[in-house]
Amino acid sequence: MTASAAIEIDHVWKFYGDYPALRDYTLAIGQGSCCALLGRNGAGKTTILRILAGLSSHQRGTVKILGGSPRSGDVRTRVGFLGHGIGVYEDLSARENLLFFARIVGLDNRSRTVDDWLERVGLARVATMPVRQFSRGMRQRLALARTFLHRPDLLFLDEPFTSLDDRAIAMLSQLLVEARERGSTIVLSTHQLREAMAIASHVALIENGRMRFAGERTVEMLEDPALLYRLHTELGAD
Amino acid sequence: MKVLRQAFSVAHKDLSIELRTKESLNAAGAFAIAILLLLSFVFDPFSDVVREMSGGLLWLVFAFSGALIFNRGFSRELPNECLDALLASPLSPASLLIGKAGGIFVTLLPVELVSLFVFGIFYNVRWWLHPAELAGVFVLATWGISIVGAVFGALTVNLRLRELMLPVIIYPLLIPLLIGAIEVTNSLIANHPITDYEWLWARVLLVFDVVMTALAATLAETILVN
Amino acid sequence: MRERLSIVLAAVAALLLANNLHAMFLSLPDEAMQGAIYRILFFHAPAAMVGMIGYFVALTLSIMYLSFGDFKYDSLAASVIEVSLAFSLVNIVTGSIWARIIWGIWWTWDYRLTSALVCVLIFSGYLMLRRAIDEPTQRARLSSALCIFGCVDVVIVWKSIEWFRNQHPGPVLDFRTGGGRMDPAMSHVFYMNFLALLLVATALVLIRTRQESTAREIDSLRRLAHAA
């Protein structure tokens, strides 16, 4: 990992009661890199992302994002988060949803920015329609607009490719490429190994809340996305 | 200032949704009128006693119909995991709670005013004799109900049996507020002189509001962030 | 260690209670105006005191859980509230029995009884909330927040109901007929029984805390088993 770490997770433990969901987890993610969090269901990927997004707290260790706490308002101004849910209100229109989030993140020129994004994600013609009347693909694109609305420096995406249609996948991939080009730091969890390896500069494998591997994404991983699982889950033992 | 600005955004969003759907407004309004109707079978609606206990009747109606409003407060953040999107944003938990309370307040107050109007008609009660003082009580007591409703709405948002638990937890906590609102409203509608006793209850309402709002702001992050 | 302590406390409490009962029924005479029923005082008021102390101990423990994140504070807080609730119920039931004998009515809306009832409702809500949450960390966090709100509210409730009752008087539960001081012999038994009930409460809290810790261990083993 690079010297200037945007994200530092240092010996973090997260407990649910006495059960450790994360065990002595350490990971540093450099500024401008894209880290794919890999691991099977229940490994701890969502737990890490929720801690980074400030949705969950940890009991031991430290987490620093751009030198500050994940719960700090300044940090969260620079974060874009996309979880399992799309995070938009069914009874508001697409435009109203984006205007609300634009207001929350303190964007200037809200109206213009929102209109530009609606155009970008192909929802300009249905901007005033309530989200409850949207198709699944339209909702997904609106969720992407909400996440990327304020051009965040940090992106935390939990299985973003899951359930996306082709148009949304293409859109998301493009948005991620642009984010990387402007130097944003991206952490995403995914089961879609091919998409992950294509976009990630680094990978981190987690198993039973423990770090199994963290390092640069190699050409071998790109050619054989399942390589990491084969190597490190065979060797790893609790 | 930032807290209030953010809270205003949240309240504005909730009110936009409520004005569009009118789910809580209609339900609470209808429920309030149904209770007022039922009360007419409990005692003689034309007796002078009604004036003396107007406050009690009204505030029970408001407290119960208010449940339909504060039940919706945080539950509307559940679909599509909107609550996560809000908590991951720069919005502070305290602003979220206060904004939610603001939304409940602005929704509940019209229901109360309509109920007051209907109450006056049903029970032949002249409630407008001290409008400024009555408005003051309504504002203080409704804010108390709103902030407690918002806090416990947040506390129970992810729980099963949420709708069952919320009233069980909230009503005992609201007792001091309701006693104060009832006592002062009784005096105002019955046109009794305002004495130190009524001022005592006005202070209780204010203290309740301040203490509960301060506690809510302090514990907001504890309640909302796991 | 904790088990041994609870056994010792329970044994001491039992001896103290036996001694107190002997004093109540065989040493002390009947009260001048109330007759034999006044003896219920020796359980009614100490139960209320133990209950009230318990709620504010739970407040402190809840604040400590939120500050330090150690589950032992949460287990203790939950146990203390359960035991305090039981003692509050003893307070209410004994007060009711006294009122029935003296006033001929089961319930007088006396401000202290009413406030005790409100406390029972608030902290019953606390136990209901705990029951509704499976995950231990969330359960501890949310019930601590509720405990803080509840205890702060209890103070406002107590004074509010007292002021309300001053304006709207009704029968008052006062065992000191004539409103005077308690006889010194009676005072002695009163405070000795308060001590006995406090020891009983402490023993119960220790037992209950152990159960809470065990339940949490079982929960974490279950999660471990599911994760494997």
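We call the chains A, B and C, going by the order they appear; numbering starts again at 1 in every chain.
In this section, a residue touches a chain if its C-beta (ideal position, glycine included) is under 8 Å from a C-beta of that chain, and two chains touch if they have at least 3 such contacts.
Bear in mind the structure is a predicted one, so any value in this text is a computation, not a measurement.
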item	value
Per-chain Cα centre nearest the global Cα centre, belonging to chain	B
Of A-B and A-C, pair with higher C-beta contact tally	A-B
Most distant chain from chain A, judged by the mean position of its C-alpha atoms	C
Whole-Å gap separating chain B and chain C, where each centre is the average of the chain's CA atoms	31
Where chain A and chain C are represented by their mean Cα positions, the distance between them in whole Å	49
Averaged-CA centre spacing for the pair chain B and chain A, given as whole angstrom	38
Residue numbers of chain C (touch at least two other chains)	137
Per-residue overlap in chain A, given as positions that touch at least 2 other chains	none
Multi-partner residues of chain B (at least 2 other chains)	226
In the complex, chain B residues that touch chain C	151, 155-156, 158-161, 165, 168-169, 171-173, 175-176, 179-180, 183, 197, 200-201, 204, 207-208, 211-212, 215, 219, 222-223, 226
In the complex with chain C, residue positions of chain A that touch it	15-19, 42, 59, 208
Chain B to chain A touching residues, read off their complex	6, 9, 13, 16-17, 20-21, 76, 79-82, 84-92, 221, 225-226
List of chain C residues in touch with chain A within their complex	69, 71, 135-137, 216-217, 219-220, 223-224, 226-227
Chain A residues touching chain B - in the complex, by the definition given at the top	53-57, 71, 73-74, 76-77, 79, 81, 83-92, 96, 100-101, 103-106, 130, 139, 146, 156
